[in-house]
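Quick one: the structure is below, questions incoming.
Every chain is named by a letter (A, B, C and D) in the order it is written, and numbering of its residues begins at 1.
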Amino acid sequence: MSSQQVVLHEFDPKDMPFRRLGPSGLRVPVFSLGGWLTLGGSVVGDPVKDIIKTAFDAGINMFDTAEAYAAGKSELEMGRVIKELGLRRTDLVITTKLFWGLRKGPNDSGLSRKHIIEGTQESLARLGVDYVDVIFAHRSDNTVSMEETVRAFNYIIEKGWAFYWATSEWSAREIEEAFHVANKLNLMGPIAEQCQHNMFHRERPEKEYDPLYRKYGLGTTTWSSLASGLLTGKYNDGIPEGSRFATTAMFKSTVESLQKEEGLEKIRKVKELTKLAADELQTTPAALALAWVAKNPNTSTVILGATSPEQLTENLKALEVLPRLTDEIMEKIEAILDNKPPPPTNYGRPPLDRLGRL
Amino acid sequence: MSSQQVVLHEFDPKDMPFRRLGPSGLRVPVFSLGGWLTLGGSVVGDPVKDIIKTAFDAGINMFDTAEAYAAGKSELEMGRVIKELGLRRTDLVITTKLFWGLRKGPNDSGLSRKHIIEGTQESLARLGVDYVDVIFAHRSDNTVSMEETVRAFNYIIEKGWAFYWATSEWSAREIEEAFHVANKLNLMGPIAEQCQHNMFHRERPEKEYDPLYRKYGLGTTTWSSLASGLLTGKYNDGIPEGSRFATTAMFKSTVESLQKEEGLEKIRKVKELTKLAADELQTTPAALALAWVAKNPNTSTVILGATSPEQLTENLKALEVLPRLTDEIMEKIEAILDNKPPPPTNYGRPPLDRLGRL
Amino acid sequence: MSSQQVVLHEFDPKDMPFRRLGPSGLRVPVFSLGGWLTLGGSVVGDPVKDIIKTAFDAGINMFDTAEAYAAGKSELEMGRVIKELGLRRTDLVITTKLFWGLRKGPNDSGLSRKHIIEGTQESLARLGVDYVDVIFAHRSDNTVSMEETVRAFNYIIEKGWAFYWATSEWSAREIEEAFHVANKLNLMGPIAEQCQHNMFHRERPEKEYDPLYRKYGLGTTTWSSLASGLLTGKYNDGIPEGSRFATTAMFKSTVESLQKEEGLEKIRKVKELTKLAADELQTTPAALALAWVAKNPNTSTVILGATSPEQLTENLKALEVLPRLTDEIMEKIEAILDNKPPPPTNYGRPPLDRLGRL
Amino acid sequence: MSSQQVVLHEFDPKDMPFRRLGPSGLRVPVFSLGGWLTLGGSVVGDPVKDIIKTAFDAGINMFDTAEAYAAGKSELEMGRVIKELGLRRTDLVITTKLFWGLRKGPNDSGLSRKHIIEGTQESLARLGVDYVDVIFAHRSDNTVSMEETVRAFNYIIEKGWAFYWATSEWSAREIEEAFHVANKLNLMGPIAEQCQHNMFHRERPEKEYDPLYRKYGLGTTTWSSLASGLLTGKYNDGIPEGSRFATTAMFKSTVESLQKEEGLEKIRKVKELTKLAADELQTTPAALALAWVAKNPNTSTVILGATSPEQLTENLKALEVLPRLTDEIMEKIEAILDNKPPPPTNYGRPPLDRLGRL
């Protein structure tokens, strides 16, 4: 993006709260926009522009994509729209993710030095920018040494192609190893983990990663915060025709699970949450579910997906819900969910008044 | 203290809450007992034993002293009483401090390798123990390189003469440098700072040290939490005959300041705190002042001084006050004190929703 | 600035003394020219050219600015004039400072990697040069880890966009931490601190930073050496109409303080200095005040502000005063000021004949 | 030296000035007492006790010896006297030097790990102490790797057998290498160099070592400050019968040189210094020569030799001369000596107003 860019649109953060992304100095909006499944995929052309413009005007300046989203078309569409809207590069936080390249050759995916460097250059070209703010390893790669991966991401940063790197869906052990290797080599470690986090998916983000938050200040950029829509309540009375669950092969097993004991239990909880949202917060279960993730002290940003400007605006009601999640409300939610991961055991020792930080 | 020691007294922590001492694994009671001015000084003989026994029976197993306290007699008395009471060494957390040796020679004080090593051996001999738990640098020494001091304290630890080392009344820059040097040399840094902290002395412990709590998990062992008695309310109506302020030369300037504008303002605040303590907490201003320091999330232990078992028991009422210091009460206290150190400036930038840890 | 530049003006250092900038090999003139409030702000167009030409012809080849000065116009004006005057890049020492960017977005200010890299590129574009000699962190940023900031400034240096980096108005603890981190990562630490230093503002530059001069050879580039004009004596008989104090909102609190006890005391001292300057040095109080800062052994360069070539020439009389500041005169000045920061306490130990360096 | 030692003699530093020994925190008297040639050699028995007692009572608490001095007898005598006088160990700074062991076997000398460790233990046994304050490498050993030597001296320190280590008569390059190796291995470097320094021997201590003073704060403990007696003026009119020069084989070449041009020139200068001392300082040339070395800012302590208490007392008159060495007197001395080592060249560049520290 050259310095001669024509800026048509000034950024106004409005009432959007901003948080640091993990230990970094980068400030990200509490809600950001992701391109998974939608932008460049189920949504193309002008609607993409409408959604991004709506987001930007609502104070969302962070846009997340990946080389694998819609086989590169997500990056292409996002880059095109940013240019057409005349957004200033410095106003934006652009993040992308690498792992599954667009071709099927033996070196077209994973976290080898070759794919990280080649893939980043291709992503930048599709996005039409000189650099992204954060580049994520979209998955871990157990066929590459951690040293090679950490070195390659630091190469990307030294080249000026990204300011930071991060992980997505890595285990706590893998992230620990990344910090170990980065520290040993005096290189930069990851600043965040892009993980699934919602009311039905809590073990990893709330318990497994806990030591990483405390020791390294790891941030999270969460996805699937509506549990593929389950938490919106739209499956409360069965799976509607034309819905994502009804039409997308990817969700077959999810749909099947909903017919089983565990699934029925979830639906029951969503109904209770729907009532709580209506009675006590005058809001939708979706807005409640999104605000609930944002409320978590380790969440940096909740990535929203949207197939229309209206859906985005609807979900951004979570911003109003967020400050209303008092301790009392949070306790009622826990009572409904009944799935809070237990804290680490103290092995019978006398409790500490205060643990302090490690 | 040989391993054949006869143990007459078992330790029972009772309801005493324990905290980690900074980043260390050492657990210290929220209230501990210090020998400054009292034990071995204004109090000698059997009363020392009574005070220490009372403390131990109340769940206080940490005893703090210094080579300089009563010119070595504090260590001697403390060591004698521990032996006479038959306390088990492992039950105890014994801490002492080095800086001012007992003689006036050019190498008898400060933080040179020579005085740290020679002074520690003399302290252990006076205490009659093989090791202390923590050895503090009683002040900083700007005539010795930080490297020499950090190396010497690590030597003490490697010799088995102490488990940890710590600082007292050092500036944030000096503590930062200690971590720098320790880190560079792969040696141990300090685990705590023994600092003055009370309702009228807040700038350093609450603001200057703040980055050290966040970055290194530094603990504090606080002294003068009653502001030399001012916060007990006993000077509310003038300085009683025979009181410490009336009789001790060291407090001359403190006494003088009480007659000035600033001092009168403090007395006025103590009166308000006295009323708040009585009306809302049914306790004494002293217990409130002590609990207030203990409530601070960065306080590891509040060191109590005592001239009699009764005074100690009286002050330990702070333990009951501690859980009653709700957000509401804390706000009322702040309103009275009106001296909360301001947070670091943000230089006019948009605020962050959540700062996170660095 | 391309290598084909047409050089119209050769640099002649004349009698200007040069000093190393802290531990670096960069030589800076004892007096340099700064753009704060003036160049691009209260002074625009041809007068800027006249001032810079006058400075250059007087042996001043160091020009200091900041992205925040006049919202970027200071850099623009300075860059334009340097080009128009045909000054050779290698003859110049150009310094700028980063912190407050020109826009108000969440990532447009501070010391995050994003703003340091984006901001530097924008500053270079406004200045029209390929690199500056030193880039300063205009303030500290407690919302960014020191590691991120140190790494980002080293990135700037590795890119060839600056030769050195430095700090401005950081606390001693923060500078200490910067050296710690730089040392740990084998990166470059800061070479100087741009700090306020004048006869009425001494504690930080003369006492707080002292260990940094001794340990790291830190240099200083001082500002406000005339205490916003107070030391010129022009406010000795009240605040003249049209003066900066009378017309600039920024100085409201300064003006108010002049009416109070502390301010009247300062005016009294300025009057005595005015007499000393006239009687014993046949010079102005302004020249005396500037020479006094330059005389400090830790001062690298005194940054002068000027609204006209005449004012600059007038202030450069300090050059003649500098060698006449004998020990005797310096003692007389101290007697008038009566505000010399005390040396660090020795805690009652026997004095050392000679301290040596640590 | 056990802790049950009987202390008969309290140390009183009187008017003796103390200095830090190089970068260390150890404080040493400006004049110290050495055993070379005298104690245990030309002087044995009670006179040794008289000399040491005279020194101690005059504020000298540092005693320097070496395993090689009088083949171990110097250490034996010094140890015996310290015990007999009942001096407290912590009051003393005891230094010894290792290189030439007492036997002639292939491993009985030099700076191998074997001789450093075995030799130190034997020195401590002769001295009858648990540790010395500083252990010197009496010469450099070009048949041993610097790493082995540095590691071995650090082993001595970690064992508690010495607090610091130092060098004697090493070249600047060798000392530089010692710092390099110590730094690389995170070990302790030397704190001082025991070097010859007097009015006729200046090149090495004043020029060759200069960067080591500035970079590492290296201290010096100087010997031969009277140029083997030449500077006392006693050879001004020829070599008296019975004098050291007349009777000691070791000084044969010195004596011969005095008959040559260079020697006669020295005698001429000593005569001028004798006149200066008498006329302007009312003192002896010896006291002047000693004070002149002590005046050097890089001198830590001047080691005095003495064959009688009276000689020591006589030479300690240098203490009174020291503060009278004004800039003016120092310039007159330089004019007489005419042998000041020139400063490092600047290769024709414009001079710096102030060099700053590296």
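Note that a contact is a pair of C-beta atoms (placed from the backbone, for glycine too) under 8 Å apart; a residue touches a chain by one contact, two chains touch by 3 or more.
Keep in mind it's a predicted model, so treat the numbers as computed, not measured.
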**Q.** Any chain in contact with chain A as well as chain B
**A.** C
Q: Quick one: report the Å distance separating chain B from chain C, using the average Cα coordinate of each chain.
A: 42
(Q) Centroid of chain B to centroid of chain D, CA atoms only: how many Å? (A) 45
Q.
Distance between chain A and chain D based on Cα centroids, please, to the nearest Å.
A. 70
Q) Residues of chain B that touch two or more other chains: which are they? A) 106, 110, 143-145, 184, 350, 352, 355, 358
Q: Make each chain a node and each touching pair an edge, then name the shape: line, ring, star, complete, other.
A: other
Q: So, with touch as defined above, which chain pairs make the list?
A: A-B, A-C, B-C, B-D, C-D
Q) Which bits of chain A are touching chain B when the two form their complex? A) 13, 17-20, 22-23, 27, 30, 214, 217, 219, 297, 350, 352-358
Q: Show which residues of chain A lie in contact with chain C when the two form their complex.
A: 3, 10-11, 13, 18, 20, 23-27, 29, 61, 89-91, 93, 133, 158, 160, 163-164, 186, 188
Q) Taking the complex as given, what residues does chain C use to touch chain B? A) 99-100, 104-106, 109-110, 139, 142-146, 171-173, 176-177, 179-180, 183-184, 208, 211, 344, 346-350, 352, 355, 358
Q) Which residues, counting only chain C, touch chain A once they are in their complex? A) 101, 103, 105-108, 110-115, 117-118, 121-122, 125, 141, 143-145, 148-149, 151, 155, 158-159, 184-186
